[in-house]
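Quick one: the structure is below, and I'll ask about it shortly.
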Amino acid sequence: MLTKEQIAQRIAQELQDGYYVNLGIGIPTLVANYVPTGINVILQSENGLLGMGPFPTESEIDADLINAGKQTVTILSGSVFFDSATSFAMIRSGRVDLTVLGAMEVNDKGDIANWKIPGKMVKGMGGAMDLVASAQNIIVAMQHTNRSGASKLLSKLTLPVTGLGCVKKIVTNLCVIDVTSRGFELKELAPGISINDVQNATEGNLIVDGEIPKIKF
Amino acid sequence: MNKVVKNADDAIQGIQDGMTIMLGGFGLCGIPENSISSIVKAGIKELTCISNNAGVDDFGIGLMLQSKLVKKMISSYVGENAEFERQLLSGELEVELLPQGTLAERCRAAGAGIPAFFTPAGFGTEIAEGKESREFEGKQFIMEKAFDSDFAIVKAWKGDTDGNLIYKATARNFNPMMAMAGKITIAEVEELVRPGELDPNFIHTPSIFVDRIFEGTDYEKRIEQRTIRQN
Amino acid sequence: MLTKEQIAQRIAQELQDGYYVNLGIGIPTLVANYVPTGINVILQSENGLLGMGPFPTESEIDADLINAGKQTVTILSGSVFFDSATSFAMIRSGRVDLTVLGAMEVNDKGDIANWKIPGKMVKGMGGAMDLVASAQNIIVAMQHTNRSGASKLLSKLTLPVTGLGCVKKIVTNLCVIDVTSRGFELKELAPGISINDVQNATEGNLIVDGEIPKIKF
Amino acid sequence: MNKVVKNADDAIQGIQDGMTIMLGGFGLCGIPENSISSIVKAGIKELTCISNNAGVDDFGIGLMLQSKLVKKMISSYVGENAEFERQLLSGELEVELLPQGTLAERCRAAGAGIPAFFTPAGFGTEIAEGKESREFEGKQFIMEKAFDSDFAIVKAWKGDTDGNLIYKATARNFNPMMAMAGKITIAEVEELVRPGELDPNFIHTPSIFVDRIFEGTDYEKRIEQRTIRQN
């Protein structure tokens, strides 16, 4: 089983030099801590910042400089500020190379639900619907099952959809899955996890072809 | 013609009960603090507010909610706010949620004389219900319309007395599009300077979009998520 | 009869303090020379300049600073540069208070033709179609008749239209006309010009109500 | 990842016969002089060029016309150019004329992931022929689509090696929207600096839109209408 940090670390292996990357709140944010050495990625924050740096020190804090999670951040050399319309222009026109998001549910067609639970207070989709409708490359970072043990990888979403056919890859505590026209293709297993464990935790159509390697770090 | 008004109380003249207003800002960053205070003081009610967020319990638009001045919020993300949740669940408050990019683009469209446009955001979701959808080059989009707001209230870092504005860092966010979009646009600035003091090559909002401007006071600039690293 | 300069001078009387004004090429450009004292108007040039100043002196010339007529110009205190999309955002959203244009023909519904003569090399509409489709207040500055003596104020355009129902006022060498739902309403006469002269030079529906005063300067 | 290329010859690699390219500039102001020279030198032909104007006989896009490299111009205003007129009348050259604001907005739409939008410009004119028209709030509009171009070539004043750009004065014009709109965007700049040297608050084109950048040489910056006043 992978920890949250390991899920992030595995996703970080997908980064390529020069990638513009948008990281959602939660596990996705941790991906920034595992950027492989020798490559440079540029973090986009949809409130209007390209080139997000680390959190500030106490003395660096600037109330006018936050990320999309409303956290105080810093900038780097080459960073740039812009307005929200320009920010989503970048996103919708496909210039963001990789988007990493959390999800409540994903189905085997790549549809994602991550914004609303009927009966609960709905906070809103923020920029998620724009991101999932636009990005060419969307990786979902999440636990394989929910708190009551039910699969989050489904044949049919039970929650309101955020976007259709957009998820390309899922990294969970159990495994790495590619979402293809065939369904959930199992690609890598977490340490100590068997194909059977994944099968049992996956409600949607799971494809297992040949040997499935262990996740490497 | 003089666009400069003395303070927020003067700037908000003409905003009436039942109107639709836009308020700049993302979270508590770049919000028109002075104008919000004056609206609360004036008790202008039944307002429809277009703003990306709804503030926190005791700051930003949260102050307007406390005073029960808001009939409807049009936002992309809300609810860092217990009073908001209470009013919503009790049916006192209406909420329309929109994708953040759609919110930004509907402001920009209003300010650009574009009555409608197509966006992929929300296609296939409940956001698309009742909206026209259409395929372009094999991909599905929904049609979204320009906002129609009576007033837009924005917060800038510096402005000149002609109405030119510059914003600081991520406090820019929705402010430039909203400045374009209001039938009447009010700008509050941290520092009001003379024309010519801002470099004409680096102005974010050209004067033509701004109708009233004033230098605000006592900016609190509250931080919502104070995150630091140890050095 | 008014000279070109006098046509511009008469139009300048329509300016109000704080107006944002777009002046087309030709007679409209001359309006800038007659701004009444005590009022301040801001000239918009649709290539991306608000607050256009006079032509430069030899030493002030800057190839990167031109107006929509591609002429070298200067800026003033409070001037601002922007891109073409923002420029036409201003125009289409009705923030330009007054647009002054030349025309080949206007009809008594306020339709204007000023961009194309069939059979001749067509240079293009530039920003004219955006301006006439968007401005709340459009004044046409032109000669009342063309070079062969034919009226340019018609019941029906003979040339390809630039915009529909948009012209509010026409100032010609002969008179000032308001275009209303009734047609061409004669408002003022140039010195030495009779109602009859205007009538003879106007093919479209001319409305003459009561005394018509002389143009005052 | 390195976006910096040595010169215009390297920058235009991949532009092929028959492609659609955007070229920034208004008149001769803010045009990518170096890249135009390299395209002429390389003899890339059958090009569809989206550019507000078509240069003059011996400068700007006029140089490409002289070498008969242009199949079609998409512009708002052309013909300061005898060779242009000759090719047009002889049927060697196709021209599509568009309202200037529509040209700008179709670039911006392409760069903003907006496949189509409505504009009032051209309604009721021959520009509207074959286009969908629609009424919003009692006013008539036509639908215009985002441009689809293989390359965009822009000229900026300064740029950094990450690809951030700033423009000078009215040389900005169409450049920022075209920079957003190209499948591949080439930027030539008068001065190439290190990341961090441009103020992040005052950048006109964020780096993400730029794929290749180089410092140009020998800018002529020809003036089309040299108008002066006597002091």
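All chains are identified by letter, namely A, B, C and D, in their written order; residue positions are counted from 1 within each chain.
One rule holds in what follows: a residue touches a chain if its C-beta (ideal position, glycine included) is under 8 Å from a C-beta of that chain, and two chains touch if they have at least 3 such contacts.
Note that this is a predicted model, so its numbers are computed, not measured.
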Chains in contact with chain A and with chain C: which ones?
-> B, D
Chain at maximum distance from chain A, centres defined as averaged CA atoms = C
Rounded to the nearest Å, the gap between Cα centres of chain B and chain D is 33
Could you state the distance in Å from the CA-based centre of chain A to that of chain D?
-> 36
Averaged over CA atoms, how far is the centre of chain A from the centre of chain B? Could you give it in whole Å?
-> 29
Which residue numbers or ranges of chain B touch two or more of the other chains?
-> 105, 108, 112-114, 119-120, 168-169, 200-201
What are the residue numbers in chain C that touch two or more other chains?
-> 75, 81-82, 85, 88, 91-92, 134
Among line, ring, star, complete and other, the chain contact graph is other
Full set of chain pairs in contact is A-B, A-D, B-C, B-D, C-D
In the complex with chain A, residue positions of chain D that touch it = 1, 108, 110-114, 160-162, 164, 180, 194-196, 200-201, 203, 206-209
Complex contact set, residues of chain D against chain C | 26-30, 52, 75-79, 85, 88-89, 97, 99-105, 107-108, 119-127, 157, 168-177, 204, 221-231
Residue ranges of chain B touching chain D (in the complex, touch as defined) | 105, 109, 112-120, 134, 136-137, 139, 141, 145, 166-169, 199-202
Report the residues of chain C in contact with chain D in the complex, numbered from low to high.
-> 45-49, 54-58, 61-67, 69-73, 75, 81-85, 87-88, 91-92, 111, 121-130, 133-134, 160-164
Enumerate the contact residues on chain C facing chain B in the complex.
-> 17-18, 20, 40, 42, 44, 50-51, 75, 77-82, 85-86, 88-96, 134
